[in-house]
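Structures given as structure tokens follow.
One chain, chain A, links the two complexes that follow: it is found with chain B in the first and with chain C in the second.
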Partner chain A sequence: MPSHLEIINARKAFRTPEGGRLIALDGISLRLATAEFVTLLGPSGCGKTTLLRTISGFETLDDGDVVIDGIAMTQTPAHRRPVNTVFQRYALFDHMNVARNVGYALEIAGRDKREIRTRVGEMLELVGLTGMEKRSISQLSGGQQQRVALARALAGKPKLLLLDEPLSALDKNLRQKMQHELKTIQRELGIGFVFVTHDQEEALTMSDRIAVLAHGQIQQVEPPSVLYQRPANLFTADFLGESNLLRATLDGSQARLSDGQTFDAPRAAGEATLLLRPESLGFAVPEGPKLSFTGRIRETYYSGKDHQIELETLAFGTIRAVIRANGTVPEIGREVTLHASATGLHLIDEVAP
Partner chain B sequence: MSLTRRKLLHLLGLLGAPTVFLLIFFFGPLVIMLVYSFLTPGIYGGVDWIFSHLNYGRILGWADTRYEKFDPVYLAIFLRSLRLATLTVATSLIVSYPAAFWISRMRPGRRDFAIFLVTLPFFVSLIVRLFAWVLILRPTGFLNQGLMGIGLTSEPIEFLYTDFAVVLGMTYVFIPFMFLPLYSSIEKLDMAQLEASSDLGATRLQTFRKVVLPATMPGIIGGSIITFIPALGNFIVPSVLGGAKVLMIGNLIEQQFLSARNWPFGSALAMMVMTAVLVLLIVQLRLTRRGEHA
Partner chain C sequence: MLRRLLTVYGLMFFVFVYAPIFLMVVYSFNANTLNMMIWSGFTLDWYRQIFGFETSITDSTTYVDSSAQLYAAIRTSLTVAFSTSILSTVFGTALALAVARYRFRLAGIYRTLLMVPMIMPDIVLGIALLIFFISIGMNLSIMTIIIGQSTFLISYVFVTVSARLAEFDTSVEEASADLGATPAQTFRKVTLPGIAPGILGGWLLAFIISMDDLVITYFIAGTGNTTLPIHIWGMLRRGIKPEINAIATLMLLFTLVIAGVGLYLRSRRQK
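Showing the complex of A and B:
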């Protein structure tokens, strides 16, 4: 598949007002295939917005390059890059009404009035703001403003859309609706999306691939299921979803947990960390090799579709499990045993210090 | 009931003094001027209480008696004042706009210092500063000596006592008036909007026309008006830098009150200035109203 966007070894440091140097991008390389939906996920301040700004041309890289459709963008000013952005803080033109905001890219491109009006109407319908053409920006709610920002960025039919937390101001229902809309738009228009979010669920449901960032570096880029089931390091495992991370000692063929339980692990001897997702643990005893954990239930949380259980064990401290809510609510304080199948377990070649 | 009464009293207490002050010292003189402009000058100065519209006739063209004769020179001076004041607004705008933009993007510490520098001339007497310009502009002044020194000109150029000198002087005097309102609207400009504009394909020039200019229009209009009004009525700058050649309406009014001692005619001239300013304010109000509706 041809790569549509390519970021090669991007480096960027800021001089802070305090006089220090802050490395925002520390050698980031990322490829985006045509019409691919890639999400940047990472803690606040890890460089997501900075990365988007280097793609759109508002930050110049200290080193490295941004290539779009085979053309290096270093010398291309922002207004000539085939990229539009939905800004984290909207940046709507508050002296223009909604229609002029949405039609801005077309107005700049010199399209005729009727074409602009039609396109603006389509865009507003798409984001669920039909009939709001004449509203001024200050008369819109935060969520409505966010949708205007989205419509404005899409109206000019960019080849690549950068979205910086574009749904963060929406309530859950609207958010889900917009997630589906965005996904549909992206597929139908066949344009690439680089999407930034703090919401893991959003990242998992929408993305073709997720890039996990921390400290200005890419930790891992994988499709959501791979990333969730086989995180490459402790940071990714911990950042994405709930996890039980248990230290394991490897002897070349077997892994041994600190309570003496063993399972097959045909890999080089040393120390590693076993990842057990809460949903892989249960009361039912699986067939074949298994791991078991006995302890006292310390706390349970009910979330509607399942129960989350915190089990206090002697060897591992707290172990988390998620049990589907089908009547039997475990009692706090009871001693129980949880089991997990010991096949296809994922080991991380890293141990917590 | 008692609460609203107390509120009313409170309001009176707050607004009473300024209202009385304005009534006595602002509207009072204005009314006196308006009345005087329709009276006849007394033989030894002062006014005779005889109604006359010929003061306006002298300016606008219908007076034809022995003493009160129409002379187009008054209208010419009035028009020149409008022209020079407009030029002053234009040049101070051209100078202040980029400066305000530049200063608003400075680091906070340097920014405050730069704004302090802009207001610094206020600390020195206006007369002193204007005479400094005389020293610069006169035939043997720094400017001419400099120009001749580097061989650009062989003879001194007449800078002093020209329209140029007056506009230069007024621009110099009124730049802070233009700068401060401009600065306050440019400072509020959201840089993210400029980025958004460029992101959507606009060149710098397009961004300036479509985003920056409309967003800072209140500052441009405000600065222009509070520069135009004092520039139109100014008489100190033209009397120092314009001499007898570049008379402005302010000089004329001053002469009528202090030398010619024709108070009614002076009042009529002052009313012309007032009318021009009022027309301007009404136009501005219309413009901003329309701006709000768009």
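Showing the complex of A and C:
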């Protein structure tokens, strides 16, 4: 598959008001295939927005290259790059009506009025705002403004769409609806999306691949399920979803937890961390090799479809588990044993602090 | 008790500020030609006189030099006000954009220097300008009035436009560039409409101040270039004449109309 966007060893540092240097991008390389939905995920200040702005051309790199469809864009100003952006707070032109906002890129390109009108109509249909051409921006709700921003960015048929936390201002229900719509639109149009968010659920739901960023570096780039089940390091394991991180000592064929339980781990001797997701633990005893944790239930949280349990153990402190809610509500203070299958466990080559 | 005192204080404040203006308007309709402090009946003669119509006031009792002189003064004032306000709007807006958008050395000092003409005493500014024009060998004319007034009206436009720029979200400019607009297109289609209320406000402010300025203009006008305030000042020096009330009332009306138009346009923009 041809590479659509390529970021090569991007570096960028900012001068802080105090006179220091803040490294926003510390040697980032990333390739995006045609029509791929890649999410840049990370905590605030990790460099994800800076990276997006170097693709759109609003920031210049200190070093490295941005290549779009085989053409180096490093010297190209923002208005000549074949990418469009959906901005975090939409940045709509509030002195223009919906139609002129959506048709702006075409108006700038000097297309004729009929063509613009047709394209605007198509775009509004795509985002579900048919017939709203004449509305002014201030008459729209937050969700509708979001859709106009999306239609405006797509109207000029960009090769690549950049989205900077576009859903962060919407309430939860609307956000989920828009997540699904965005994914559908991306698949229908067949263009690449680079989506920036700090919301891990959003990233898992929508992406073909997720790039986890921290401290100006890419920690890992993988499809959501791989990233969730086999995180490469402690940061990714911790940032993406809930996790129990247990220290393990390896002897070459077996791994031993601090309470003496062992499981098969045919890899080099040393120290490592075992990742146990809360949903892999349960009351039922699995067949074959298993790990067991006995302790007192300290707290339970009910979320409708499941119970989250905090189990206080002697050897590992708090262990988190998620049990499907099917009638039996665990009592706080009771001593219980949770089990997990000991096959296919994931070890991280880092030691938990 | 305190509440009542505050109410009385507030009322007195408005009486103090507006009573003279109110009296002026009332006197402009007073038929008494000898003592305008005494009401003798309603008349529009003072207005008719200004506009050059025949009036019942005989020549011996009128003080107006001639309507022609008054018109010439109004024409000069309007010419000056239009030229100065446009000139200072262009320069003041450009300066505000430069100071808001670019980081350069001594930007803070530059900003302060741009504010100084507003707090400078008029007399000082007038003398300084006069000396400057004489020393570069420029004859005093309508040109010197326009240049001289612009030097301080630029400050007013600068402040008004800067305030608008401060609350202008620059991300729409990025959006425009992102959608393919060149910097010039972005300025014309996005930035300018966005700060238009500030520019319009600055222009109207400059226009009104220019129409109204006496002290500085008096220094740099030279002979033969009488603006409306200078003309009125000249009339006053030969005694207070009833048609001055009428002229001032018309100026007040003119100013209110301009300010009203400004406010209306502004409220429409913000909707």
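Quick notes on this structure:
The rule is short, and it goes like this: the second predicted complex is superposed on the first by the 351 of 353 C-alpha atoms of A that agree within 3 Å, B and C clash if a C-alpha of one lies under 4 Å from a C-alpha of the other, contacts with A are read in each partner's own complex, and residues count from 1 in each chain.
To be clear about the criterion, a residue touches a chain if its C-beta (ideal position, glycine included) is under 8 Å from a C-beta of that chain, and two chains touch if they have at least 3 such contacts.
Keep in mind that what you see is a predicted model, and the values were worked out from it rather than measured.
Once both complexes are superposed on chain A, the partners chain B and chain C clash.
Once chain A of one complex is fitted onto chain A of the other, the partner contacts of A:Ala352 are absent, as it touches neither chain B nor chain C.
Shared-chain residue A:Ser138: touches chain C; no touch with chain B. Of the two partner chains placed by superposition, A:Ala284 touches none, neither chain B nor chain C. When the shared chain is aligned, chain B and chain C each come close enough to touch A:Asn84. Within chain A, the residues touching chain B in one complex and chain C in the other are 56, 58, 77-80, 83-85, 87, 89, 91-93, 95, 104-105, 108-109, 152-153, 156. Contacts from chain C toward chain A in the complex involve residues 169, 171-172, 174-183, 185-186, 189-190, 193-194, 269, 271. By the touch criterion given at the top, residues 190, 192-193, 195-203, 206, 210-211, 214-215 of chain B touch chain A in their complex. Those residues of chain A whose C-beta lies close enough to touch chain B in the complex are 56, 58, 77-80, 83-85, 87, 89, 91-96, 104-105, 107-109, 152-153, 156. Against chain C, in their complex, chain A makes its touches with residues 56-58, 77-80, 83-85, 87, 89, 91-93, 95, 104-105, 108-109, 138, 152-153, 156.
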